[in-house]
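Look at the two complexes coming up: chain A is in both, with chain B in one and chain C in the other.
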Partner chain A sequence: MEVLTQTIVNGIVLASIYILVALGFALIFSVMQVLNFAHGAIYMAGAYVCYFWGTTFGLPPWAAIVMSAVVLAVFGMLLERFCFRILEKDFNRTLMFALALIVMLQTAADVTVGAYVKRVPSVLPGLIRIGGSITMSKERIIACVIAVFLLLAVTLLIKKTLLGRQMRGVAQDRDAASLHGINVHRIAGIAFGLSAGLAAVAGGLMGSIISLNTYMGDAMLVKAITLVIIAGMGSLGGLLVSGLIVGFIDAVLPIFIGGAGSEVVAFACAIVILLIRPSGLFGQET
Partner chain B sequence: MNDREKGNGQVIGRYGVVAVVAAFLLLLPWLPKVGPYFLHVCILILTYIIATSSLRTIYVSGQASVGHAAFMGIGAYTSAILSMRLGWSPWLTILIGAAGTTIVATLSGYLFSRLRAIYFSMVTLFFGVAVEALMRSWVSLTGGRSGLVGFPGIGVLSVPGIGEINFAASKTPYYYLMLLLTFFTLLVLYRIERSRTGMNWMAIAQSPLVASSIGISETKFRMLAFGVGCFFAGLAGACYGHYSGVLSSSSFSLMPSIYLVIYMLLGGMSHFAGPVIGVVVLVAIPEIFRSLKEYAPFVFGVIMLLVIFLMPQGLAGLMQSGKVWYEKTFRRGAL
Partner chain C sequence: MRTKKVVSGVAIFLALALLAVPSMVSAQKAPQTLKIGVHAALTGFASAAEIHQRDGVLLTVDYVNQKGGVTVKGEKYLLEAVVEDNKSTAEGSKAAAEKLVYDHKVKFILGATIPYINIAAGQVTEPAKVIRLLNYMCDTPEEMNTKTPYTFLTGPAIRAGIGPSMDYMTQKFPHVKTYSMITPQDGAEGILGALCEKEAAKRGLKQTIVVAWPHDTTDFYPKVTQALSTKPDAILLVNGYEQATGPIIKAAREMGFKGPAAMANYDDPYDIATLAGKEFTAPFWTHGWSRDVNDPQLTPDMKEVIKRAQAKFGKFHQWNLWGWNEVNMVVQVLQKAQSFDTAVLADTFRKMNKIETVWGPGHMGGEKTYGVKNVVCSRVAITEVLPDGSVKHVKWIDYDIP
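And then the complex of A and B:
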């Protein structure tokens, strides 16, 4: 019973963080038609910036996460303005720039903090007791709560506000949106900033659960791509389902067949889903 | 303009350049100041040239694969495990490794051929990551996380007329072996690309719909491109495995695959020589700056940024526009 509950909670925590990262990846893809392979590196940078704010500048952990989100959001907007906008409509060069960004960010993290094992200070240390015998660390619960809250906020932003409608308009048809007086570049900049900010928050939250290393972004990038592909490009609601599927596979399977084995199963599942439904579980047929 | 119309000087000049390059490559191990480490880097470069050129063949057919290193891994592990468990000669197992890679690639290429564009890229990405995770989790066969050690090197080869070549004694025989393989690979890939098959690949890359409307079987030719590309990847992986003597699954994971894509894109995908130039520049220049230690990858990044923003066609494109500039400035009459 105890193991079961903990596994379920772990699954939800992992799923919510995966969804945060994947949401940003999907947002950039649908608004800008850019496969941002550097998204994992931005997530890693978010965790490291959070570590910096927390230790070197001594901010309280929650403020560190907020500040790292702000820093990375500004960084993302600058990237959009000065790099991705110049390379617009050139798929190969955009891809290459994202890859160059991975190299630069990983090296920067290696040089500044070093490859030693680091950990972001926890937002809420300590354990919580649920119903007698089950204990959970509070930071996992709080990570999950923050992630779910952010997901709701972003979903509301996209579905209900004018900005969100403009984003969806640009995603649907860039030229038509531009003809209707939407500043496409401004929307792309905001989307990029939002996506980088979300990745930074996810990095900060994950950084207090597991330890930091410079390659943490690679695994997360693959996870984000898996989520987006399984859900189908452009389906936000689908991310929720695919996030829960992947989160639970990651939480449950390692108990039975070990970490690497569960990865084999997870990616085999992703391949099979992609082969059966090429546009994802919830994507529109194109 | 073909050779007959050109002046004798130009033809001699071109063959002269080829002869000088060939002589340089052949005599490289005997040049002064060339130590074992230098040769090691050269062998690395040659391995990557084979892998990246074969990756380009797959891209020519319009398939943007992001899991090429995994196929190198399949070749390397197949060859290493066969030679270790069954005691077969590495010469045989390298071929079996390459053939095995081709079979896996053709089968998966058939399955993946219904996916196009980025969906194909993503499925190859998943395939690559899954293969790497399999290598890590199958501890009894592959050694798992700690890597596979203890399989034989190529050993001693006795060639009639030359005598015995001891591969274990120095890196020079391996260098010549890789040089020969690279030459063979480039020749085969170039011939295929310039043949009717290559034209069909390019047609499919431009428009699968139009290509199939004029009777080019998309599935067949995409499978062929994937199989041919992965054959050479498996070959390169198997040879490199026997050369280094250690196999670790992390050298075949996502990032190595992405690096192969970087080499290719940076060299210039539209030119056959692109991957060769990309690999030489991107492997050699960071080696020159090796004394910078942890800052060295910045050099790599800066080269990439320079190429991205200043040379839209990649490094090979620079070569071509340099040629045009030279002709314009110095040989006004010749154009």
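And then the complex of A and C:
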């Protein structure tokens, strides 16, 4: 019973972590139809920038995460303006650029901070007891809460605000949106900035829950892609379901089978969904 | 007139000859260079440790060269480290080994650590008869056997650490009767699980489960849940690295496990305490080492490495010790063999009765276990993380691999 309860809690926490990481990736994919493979590296950079703000400037963990999100948001907007905008019509070159960006960011982190063990200070140290027999760190609970909050906030932004309507317009038809007076480049910049900022928040939280290393973004990028495929393009709300599916697969299966088995099952789910419903569980059919 | 020309010509010739002599003399006395290959992960997950092993090699090469280098058959040789990145992958390992062997033509290669990386490099170095000094070995049969006569293990590896960890566990925590084993999924988990079970039985301990985690694991909660599901008295981590060990210990403590946890390899105790949380880690010990240069139990070589690393890199990492150890092995073997023939070097290495390691005196072993007497045996440390998060060197334990 205790193992079952712990597993359920693990699944919810993992789902939250994955949703947090995948949110920025899904936003860019939904709005700009860009598969930003550098998202994992931006998440990693966000974690290291958060560490930098916390240790060099002595900011409290909360402030360090916010500052890291601001820095990475500006970085995302600059990336869009000077890189992705130029390459936007060429998928292959966009992909090559993203791969090069991954190597650059990882090497920059290695060279500046070095391959030493580091951890972002905890945003909320301490433990909390759940249901009498299960204890969990408060920072994990906070990560869950922040993930759900950000998912709701971004979903409301897209659905209920003028900016969100403009983003949906651009996602539907860029040329038509432009003809209607929407500044497509401004929308793209905001989307990239938001995506990078979300990645930084995820990185800062995960850098505290687990640890920092320059390759921490690689595995998370794969999770983000899996979640987006299962949820479907254009469906941010679908991330909640896909996050829970993948989170519970990763929480439950490792208990019964060898570690990599859960990855295989998660990917198999993504493949089956792509075959049966190519637009994903909640994506719009084209 | 003619006589004057002849005298002038002779004088000029003598002057030129006198000028040439010092440069000829200095050319004769200038030391030659001996390249040593460093096969280390500079990228990928293993880089977290092996970058520091490389750094240890670099600072030891400086140290040896400052002392005049190595003398072989009356000739002085200064060492030069040539580094290739194995990228933490088998393909990268093979490519790095090929560059070192065929492009740089080295006779010695230092590193690496992970089983499939070691095995891949061995496929290149053994046929080329290049002496390879491994940092570490996970005891898979392919890493060292009778078909790898040029591969040597220069420091304590997992086989050396399991027994002492269990001994310390039973001495300090006599109530501990069961433990769950947590290890990376790298091909060695089956062999190490069986080895631990055998060692545990000798000490009246029972292994309740073997939990293997893939190298790209981001969250260890599911694996630790599995490990704790058998309600063990203790946790024994076998292999891994700090970025995994720390979160594993943290997860176990957050899930309410208060029993002893041990790392049977050489993870840095300071890094574990940083990642797990100083208030969480204890009771925990590892065979990694204290950094306290005032601790009389540390060897002079260890203190020298700590000081030099802090001076050169601004910070010491305990993997600097592996690099130092390997270079000093090369120097000792060359000085003893007085030859560059790798067959002679390998034979000399095997027959050395006494060999100095950075951790203290050592001897050669491994013939019964691996079929070749290619293992340097010395001693392991028991280093505890105390409840206040500080680190204490408890004692040294000598080990032998028969």
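Quick note on the criterion: the second predicted complex is superposed on the first by the 283 of 286 C-alpha atoms of A that agree within 3 Å, B and C clash if a C-alpha of one lies under 4 Å from a C-alpha of the other, contacts with A are read in each partner's own complex, and residues count from 1 in each chain.
Note that in this section a contact is a pair of C-beta atoms (placed from the backbone, for glycine too) under 8 Å apart; a residue touches a chain by one contact, two chains touch by 3 or more.
Worth saying up front: this structure is predicted, and the values here are computed from it rather than measured.
Trainee: Overlay done on chain A, so just call it for chain B and chain C: clash or fit.
Mentor: Because the two structures are overlaid on the shared chain, the partners are seen to clash.
Trainee: Report for A:D218: first if it touches chain B alone, second if chain C alone, otherwise both or neither.
Mentor: both
Trainee: A:S16 in the overlay: touching chain B, chain C, both, or neither? Say first, second, both or neither.
Mentor: Once the two structures are laid over each other on A, A:S16 reaches no partner at all.
Trainee: Per the contact definition in the header, classify A:S68: touching chain B only (first), chain C only (second), both, or neither.
Mentor: Touch status of A:S68: no partner.
Trainee: For A:D110 in the superposed arrangement: first (chain B), second (chain C), both or neither?
Mentor: It touches chain B and chain C both.
Trainee: Of the partners chain B and chain C, which touch A:R119 in the superposed model: first, second, both, neither?
Mentor: A:R119 sits against chain C, while chain B stays out of touch.
Trainee: Between the stretches 145-153, 235-243, 253-261 or 325-333, which region of chain B is in steric conflict with chain C after the superposition?
Mentor: 145-153
Trainee: Please report the chain A residues shared by its interface with chain B and its interface with chain C.
Mentor: Touching chain B and chain C on chain A: residues 106, 110, 215, 218, 258-260, 263.
Trainee: Can you tell me which positions in chain A touch chain C when the two form their complex?
Mentor: Interface residues on the chain A side: 3, 6-7, 10, 13-14, 17, 106, 110, 114-119, 122, 125, 127, 134-137, 140, 206, 209-211, 213-216, 218-220, 223, 250-252, 254-255, 258-260, 262-263.
Trainee: Within their complex, state which residues of chain A touch chain B.
Mentor: 35, 37, 86-87, 90, 92-93, 95-97, 99-100, 102-104, 106-107, 110-111, 215, 218, 221-222, 225-226, 229, 257-261, 263-264, 267-268, 270-271, 274-275, 278-279
Trainee: Which stretch or stretches of chain C touch chain A in the complex?
Mentor: So the residues of chain C touching chain A come out as 43-45, 47-48, 51-52, 185, 212-214, 216-219, 221-223, 225-226, 229, 242-243, 246-247, 250, 254-256, 268, 271, 274-275, 277, 315, 317.
Trainee: Spell out the part of chain B that touches chain A in their complex, as residue ranges.
Mentor: Checking each residue of chain B against chain A gives 111-112, 114-115, 118-119, 122-123, 125-127, 129-130, 133-134, 136-137, 144-145, 253-255, 258, 261-262, 265-266, 269, 294-295, 297-298, 300-301, 304-305, 307-309, 312.
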